[in-house]
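Okay, so chain A shows up in both of these, paired with chain B first and chain C after.
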Partner chain A sequence: METEILKIAAKHLKPFLLILSLFVFYRGHNEPGGGFIGGLMAGMALVLYAGAFGVEEAKKLRLAKPLFFIGLGFGLALISSLLGLLVGQGGFMTAVWNQWQFAGFSLKLGSPLLFDLGVYFVVAGMLVKVIFSVMEEDV
Partner chain B sequence: MDIFTAILLLFLLAAVAPFINASFPRISGWILSLPPIGIFLWLLSLVQGVSQGEIHAFAIEWLPALGINLMFRLDGLSLLFALLVTGIGGLIMIYAGYYMRSYQKTNRFFGYLVFFMASMLGLVAANDWISLFMFWELTSLSSFLLIGFKHEKEAARKAALQALLITGLGGLALLAGLILMSLPYQSFAFDAVFSNPDLFTQSPLFIPATVLLLIGAFTKSAIFPFHFWLPGAMQAPSPVSAYLHSATMVKAGIYLIARLHPVMEDQAFWTYSLSLFGAFTMFVGAWFAVSQQDIKKILAYTTVSALGTLVLLIGTSTAYSVTAALVFLLVHAFYKATLFMMAGNIEKKTSTRDIRLLGGLSHFMPIAALISMLALLSMSGIPPMLGFIGKELMYEAKLNAPKAGNFILLMGFLANAFTVFVSARIAFDVFYGKCKWPGQLPKEPALSLSTGPAVLVIISLLFGVFPNSAAVLLEPALKSILPAQTLIHLKLWHGFNEILLLSALTVLLGAVLFAFRTKVIAMVGLLNGKYFNLKLSERFFLGIDLFIRLTKKKTTFIQHGYHRFYLMTILITASVLLFLSIFKLSFPLAEQLELNSWTIILLAAAVLIMVGAIATVVAQSRLVALVSTGISGIGITVIFVLFSGVDCAITMIMVETLTIVIGAMVVYHLPKYLSFSNKFARWRDMSIALLFGVVMGTLAFLSANKKPMEKVSDYYLENSLSKGYGENVVNVILVDFRALDTLGEIIVLGLAAIGIVALLTLNKTKSKN
Partner chain C sequence: MMILFLPILIPLLTIILLLIVRKKLAYQHILSVLSVVAQLIVALSIFNKLGESTILVAQAGGWPAPFGISFLADYTATILLIAVALLALPIVIYSIGFIDKVRQQGGLFVLYQGLILGVNGAFLTADIFNLYVWFEVMLISSFVLITLGAAKQQLRGSVKYLVMNLLGSSLFVAAIGLTYSQLGTLNMADIADKIMKQGSTPLLNSAIMLFFIAFGIKAAVFPFFFWLPASYPTPPIAITAFFGATLTKVGVYVMLRFYSLFANMDEAFWQPIIFIVAGLTMLFGVLMAASSYDIRKILSFHIISQIGYMLMGIGLFSLIGLAGALFFIVHNMFSKTAAFMAAGLIKRFKGSYDLNMLGGLYKSKPILAFLFLIPALSLAGIPPTSGFFGKLFLVMGGFQSGEWLITIVAIVVSILTLFSMIKIWNEAVWKPAEEKAVEPSNQKLNPLIIAASFAMTVFTLFLGLTVFWTFDSFTEAAAQLLNPQLYIDAVLNNNRPALN
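Moving on to the complex of A and B:
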C-alpha cells in the first residue's frame, strides 16, 4: 500500500514532526505537552515514515536505533535522579534547578527536564521498536 | 582523602578497569594494583592515629526521610580489615594481570574483581547497618560473577549459583536481623546500638534477631551447616579463590561477628552459639581436608576450618582468645592468599592440581617451592612464622577458655594436627619426592605471578620474628571487639611450658599421620563415604530442582496464555475489590453529576462514545470493531478537552491512533472466522462488562460528590509552581512529585519493548527452522 502522496508527505513531515515533538516536550513543564507526549510524537514520525516507505527503508534512517534510545532514556533518567544526590541537598530523585540569564532571556533548566527527556527517549524508542517489529512480521 | 572517596574511587576504577585491560593488556595488573595499594598506604598512615583512639567517621544523607544515611567509619577493626582488603587486593591484581592472560574475555573479569574489592572495602568501613547490608549484598553479587567466570563450565555455573543462593539467603536473614536489632533504637547507626546495648539485649526480639544475624554471618563465612558452598567456589580462577579465601567474602561474616561482639559479649546465647558452631566447623573443615587430593580443595577445607577457629575464638571472648583471633586472621590471610596463588601457579605450569600426579617440583621452581614452604610452615604453626605465634595464642586461649575448655582444646588439637598433616602433604608430595606428571617439564612462574606470594610470605616472616610490630595494628582492633581488654603481649618464644608441649605434640601427630598417609587417607575416605557423607551440596540442588518444578506448575496454572481470561481476571478482580471498598466506605453518592454546562458539544461527545461502544459490540468483523473503539476514544478525548485536561486529551488521541494502527496490523495477521463467539461466551462477557461498567459508573458518581475525602490534588495544585517550578501540574506530578513512579513506568515500557522483540524474533526463528 505504498502511495506517492503518503511518501512525499511522510518524507517532508518527518523533520517537522520531530521538531514539533521536541517543542511539545520542552513546553511541557508549563503548558500541555511533556516527555510522554513528545516521545509519542517523535515515535509516530518514524512510524509514519515506515508506513510510507516500508520498514526496511525506515530502519536505514540514522534515528532508527530504538534500543539505543531506550538505553539513553534510562541513562538520562538515572543521571537526573542521581543529580539530587550528588549536587543538591535533597537526595535521590529530588529536583535541582538552575536559572541562566542571558541578554534579557532567562532559561530555567532543572533535573526534572532531564528526567522528562529520558521519558521522551524511552517512549519514542519503545514505540518505534515495537511497531517496527510488528510491521516486519508482514514480510 | 576520606574513606568515602576511597570507596568511590575503587567503584570508578571498576567501571574503567575493563578499558584499562583492553588498552594495556600486558601491564593492566600492575596499573590496576596502583589505586588499591595507594589506598593501602593511605590507610597505613592512619594507623598511628587510630591506635591512639581516633575514629575517622564520614556520613552523607541518603534517604533522610527514612532515617537512612551512608555512614562510614575507620576504627581499629575496620582499619585492620580495610588494610587486608586493599593490601592483598593490590597484590592479587598484579597476580591476576598475568594469570588471566590465558583466559577469554578478561576485560570484564577485572571490572568484577575491582568491584568486588570496592564492595568489600565499603562493607568493612560502613558505620550503619543499612550501608553494611548494601555492601554485603554487593560482595555476594560480585563474587557470583567471579566464581562463575568460567561460565562455559557447568560446574562453575552451579558453584556460582550455589554461592549466590546461600549467601543471598543469608543476606536476607541478615537484613531481617539488623532491622529487628535496630527497631528499639529507631536508628540504623552503629553508635545507637553500641552506646546502649541493653535496650537490644533485653528486648524480646533479642533471640530471633540474634539467630537471623548468625545465619547471615554463618552463610557468608561458610560455617557448618552452610560450609559446603566454599569448596565449590574454588571453581573460580585462582586469583579469585586467593582473594575470596584470604581477605574478602568469607571474612565478611567474621567481621560482622567481631563488629557485633561488643553488643552481645555478655549474652550466653551469643557466645555459646559462636563457640559451638565455631568449634564444630573447625574440626569438620580439617577432617574433610584430610582425604582430598585436589590442592585447591584441600585449601578450601582448611579455610572452612580456619573460619570455624576464628568464630570460636571470638565467641570465647577473653583477651587471649580475641588476640589469638586477630593474629590468626592475619596469619590465615597471608598464608591462604599465598598458597592459593601458588596452587594457581602449579596448575598453570603442570596443568593439574591433583597431588597424586605431582611431585618433585622444587627441582624446577625452587623459588616457588621456597615461598610455598614458608607459607606451609605458617599454616602448620611452626616457628619462625607468624603462624606459630597464632597457634600458641590459640592454645593459650583454649586452655583458659571459661567453659568447656578441655573439649574445645581437644577439637582444636585434632584440627591443628590435621592441618599439619595436609601442609606436609602439599610440601612433600608436591614439591619433593618423585616427578610423575606427564608432558612438559614445568618452569619457574613469571615475576608477576610470584610477587604477591613472596611479599605476603616475607611479611608473615617479619611479623613472626618481630611480632610486636603487629601490635600497633591489632591493639585498636581488639579495643573495637572487647573495649575493656588490652592486647596480650606477642612474642615468639614463650619458654618451655605446656603450650609449647601442645604445639610440639600437634606437629608430632601431624607427622605421624603423614608417615602413614596412604592408610590415613584411605581410612578417612572410607569413613566419609560410609558415615559422614552428608551430600549437602547435592541435596541443596535437589531442593532447588524441586522448587523449580513447583514454580513451573504454579506458572502454567496462572500464566495460561489466554489473553481473554487474563482480561476477565483483571476486570472481575478490579470490580469486586472496588465494589467491596465502595460498600465499606459507604460514601453517599452524588445526587447528580455537577457539570458546568450541558453544552451541545458535550452531548455530542457522549453520543459518540455510546455509538462507538455499541458499534464495537455488534460489529461483524474485527477491523470494524477496532475502528469503533477508536470512535469511543475520540469521544473521550473531546470530553478531556472540554474539562481542560489538555494533556490527557493529547495523549489519548495519540494512543487511540496508535492502538488502531497496531491493532490493524495485528488484525491483518489474524485468521478470518465466521462467528466471534458462542452464546454462552457472549452472555458471560456481557455480564462481566456490565459488572465493570456499573462499578466504574458508581465510582464516577462517588468522586463527583462534594468532599468524599481530602483531595490529594489540592496539594499538587498549590505547590506545582512554587516547588516544582512548572505551571503544567500534570507534568510536574509526572517528572517531579511522583518521578519515582514514572521511573518505574518507563522501566516497564523498556522491558515491554524488549519482551515484545524477544517474542517476535523467537517466532521468526522458530518458523525459519
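Moving on to the complex of A and C:
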C-alpha cells in the first residue's frame, strides 16, 4: 500500500517516536513507563517506516541487525545483575546506586536502569525481527 | 550461595556469546558443548554441597525470603539438574551432526540454551510467579524449536502445541492470581506455611486444582495429552529427544513439588484423583502406542504412558514411592533420549521412521540394533536396566501402601510396553528388509552422531547398573519431599542477604 500521507507521517514521526521512547524508558525509572514500553515504541518507529516505505528501505535505517540488539540487551541485563557482586555491597541482582552531581543537576542512576536498558534493546530488537520477518513473507 | 544462580547464569551468558558468533558454526558448537559441561560441573558441585547443609537457599537481590524471589536446591531439584546437564551434552553433540546447517544457523543452539535456562530455572525457583516466567522461557524456546525450519508438518504440529500450552499458561496465571488474593504471597514456602497454619479455603483449593490442571497440560497427562503426539514427532528427532527429556518432566517435577507442599495434607481428596489420572494416562498412552506404526509416534505415546508411572509415585507419597518416581523420571529422561537418538540413526540408515518400510537392521547394522536394544529394554523394564528398577520401586511402593488397583494397572501397562518395544524390534531390526524399503543411504555418517547415541546408551545402562549406589540419594530426596517443613524452614529462616 503506497500512500503519501503515511509516508510523510512515518518519516516525520520516526524521530519523535525514538525520542519519546527514550523519554518513556527513563520515566520508567520512577513512574509508569520503562524499558518494555520504550522498546516497543522504538521498534514501532521502524515498523511504521517499513509499513510506509517497504521493508528494504527500513532495513537501511537499522544500525545493526536485530539479533545484535537482542544479544546486547541480554548482555546489559546480565552485567547489571552481576554489578552487585562486583561492587561488593550485595549479592546477585542486588541494585547498585550512584549519585552524580553536575551543574546543579543531581542524577541518581542505578543498575536497575541498566537492566531496563537491556529490556529496551531486547524488546525493540525482537519486535523488529519478528515483524520484518512477517512483512517480508508476503512480498 | 551464589552457586545456585550459576545454572541460570551460564545458559544466559552462553546465549549472549552465541548471538555474537552467530555466523560461525564451529564456535557455536564449541561454546554449546563447553556451556553444557560447565553446567554439569556446577550441578555436581551443588550436589556435593548438599551433603553439608541439607538444603541450599539463595535470595535473589538479597531481599529477605517471603518478599524477594528465593531459589532453592534440595536433592530432588539437584538430581534433576544433573540429569538435564548430563543428557544435554549428548543431545548437543548429536545435533551438531544430525541437524542440517540451515536450522543450525537459524539459532538452534541459542534455543537449546534457552530451553535449558528455562528448565534449570523451573527446577530451582521457590516462587510461583518466577516459576511461571521459567515456564514461559521454556515455552518460547520450545515453540521456536518446533517450528525451526518451517516444514509444513512442523507448523501443523506447532499450532496444537502452542494453543494447548498457552491455555495451560493462562490457567497457571489465573491460579497464581487466586493464590495471591487468598494468601498475599507468592513464595512457595510461605504459601505452604500459611496453608498449614490457617487451613485451606475453597477458593484456595480451586487455585491448587487449577495449578494441577495447568501442570497436567504441560506434563501431557490424561485427558490433556493430545497435543504431545501431534507435535513431538514433527521436528528433527534430536529436538524431539530434548523435548521428551525436559518439557514434560518439568511438568511432573512441579506437580511433585506442589503436591508435597500444598496438597499432601488433603490426601483423602487428592490421592484418588492422582491415581485415576495416573492409571488412565498409562493406559491411554500405551494403547495408542500399540496402534501406531511410526517409531517416533510410538516413542511419543510412551512418553505419555510413562508420565502415568511418575504420577503414580506422586500419588503414593511414600518414601519408596517418591524415590521410585524420581528414579523413574531420571530413567525416562535417559532411556527416552537414547531411544530417540537410535531412531534417528535408523532413519539415517534406512530412510524412514515407518515400521512398514523398515527391516533387516540386525543384518546390516548390528551395532545400531544394539543401540536401540538397550533403551528399548530399559523402557520396557527388563532387568538389569534402569526401567526395571524404576518400576520395581514403584510397584513395591504400591503394594506397600496397599494400592492394588493402580499397581496392577502399572504392571499390565508394563507388559504392553514390552509388546510395543518388541514390535519395533521385530519390524525394524529382526524381519528381513522390505523390498519397497528405501535403499540404505551410503552417505558418510558423522561419527559424532554415533558417539552421542552410544554415550546416551551407556548412561542408560549405567543408571541401571549403579542403582544400589545411587538410590540413597533418591531416597534422601524422597525424605525431603515427605517433610515439607524442611523446605519451609530452609526458605523462610534463611533471611540473611546472600552477602553474609
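The rule we apply is simple: the second predicted complex is superposed on the first by the 135 of 139 C-alpha atoms of A that agree within 3 Å, B and C clash if a C-alpha of one lies under 4 Å from a C-alpha of the other, contacts with A are read in each partner's own complex, and residues count from 1 in each chain.
As a convention for this text, a residue touches a chain if its C-beta (ideal position, glycine included) is under 8 Å from a C-beta of that chain, and two chains touch if they have at least 3 such contacts.
Bear in mind the structure is a predicted one, so any value in this text is a computation, not a measurement.
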| item | value |
| --- | --- |
| Contacts of A:41 with chain B and chain C, given as first, second, both or neither | first |
| More chain A residues in contact - chain B or chain C | B |
| Chain B versus chain C as contact partner of A:127, first or second or both or neither | first |
| Contacts of A:68 with chain B and chain C, given as first, second, both or neither | second |
| Touching partner for A:4 - first (chain B), second (chain C), both, neither | neither |
| Partner chain in contact with A:135 - chain B first, chain C second, else both or neither | first |
| Partner chain in contact with A:32 - chain B first, chain C second, else both or neither | first |
| Shared chain A contacts, counted only where both chain B and chain C touch the same residue | 67, 70, 74, 81, 85, 89, 91-93, 95 |
| Complex contact set, residues of chain C against chain A | 2, 5, 9, 12-13, 15-16, 19-20, 22, 58-62, 497-499 |
| Chain B residues touching chain A - in the complex, by the definition given at the top | 61-65, 646-647, 650-651, 654-655, 657-658, 661-662, 665-666, 668-669, 724-728, 730-732, 734-736, 739-740, 742-743, 746-747, 749-750, 752-754, 756-757, 760-761, 764 |
| Touching residues (chain side chain A, partner chain B) in the complex | 24, 28-37, 40-41, 44, 47, 51, 66-67, 70, 73-74, 77, 81, 85, 89, 91-93, 95, 97, 108, 110, 112-113, 115-116, 118-119, 122-123, 125-127, 129-131, 133-138 |
| Chain A residues touching chain C - in the complex, by the definition given at the top | 67-68, 70-71, 74-75, 78, 81-82, 84-85, 89-95 |
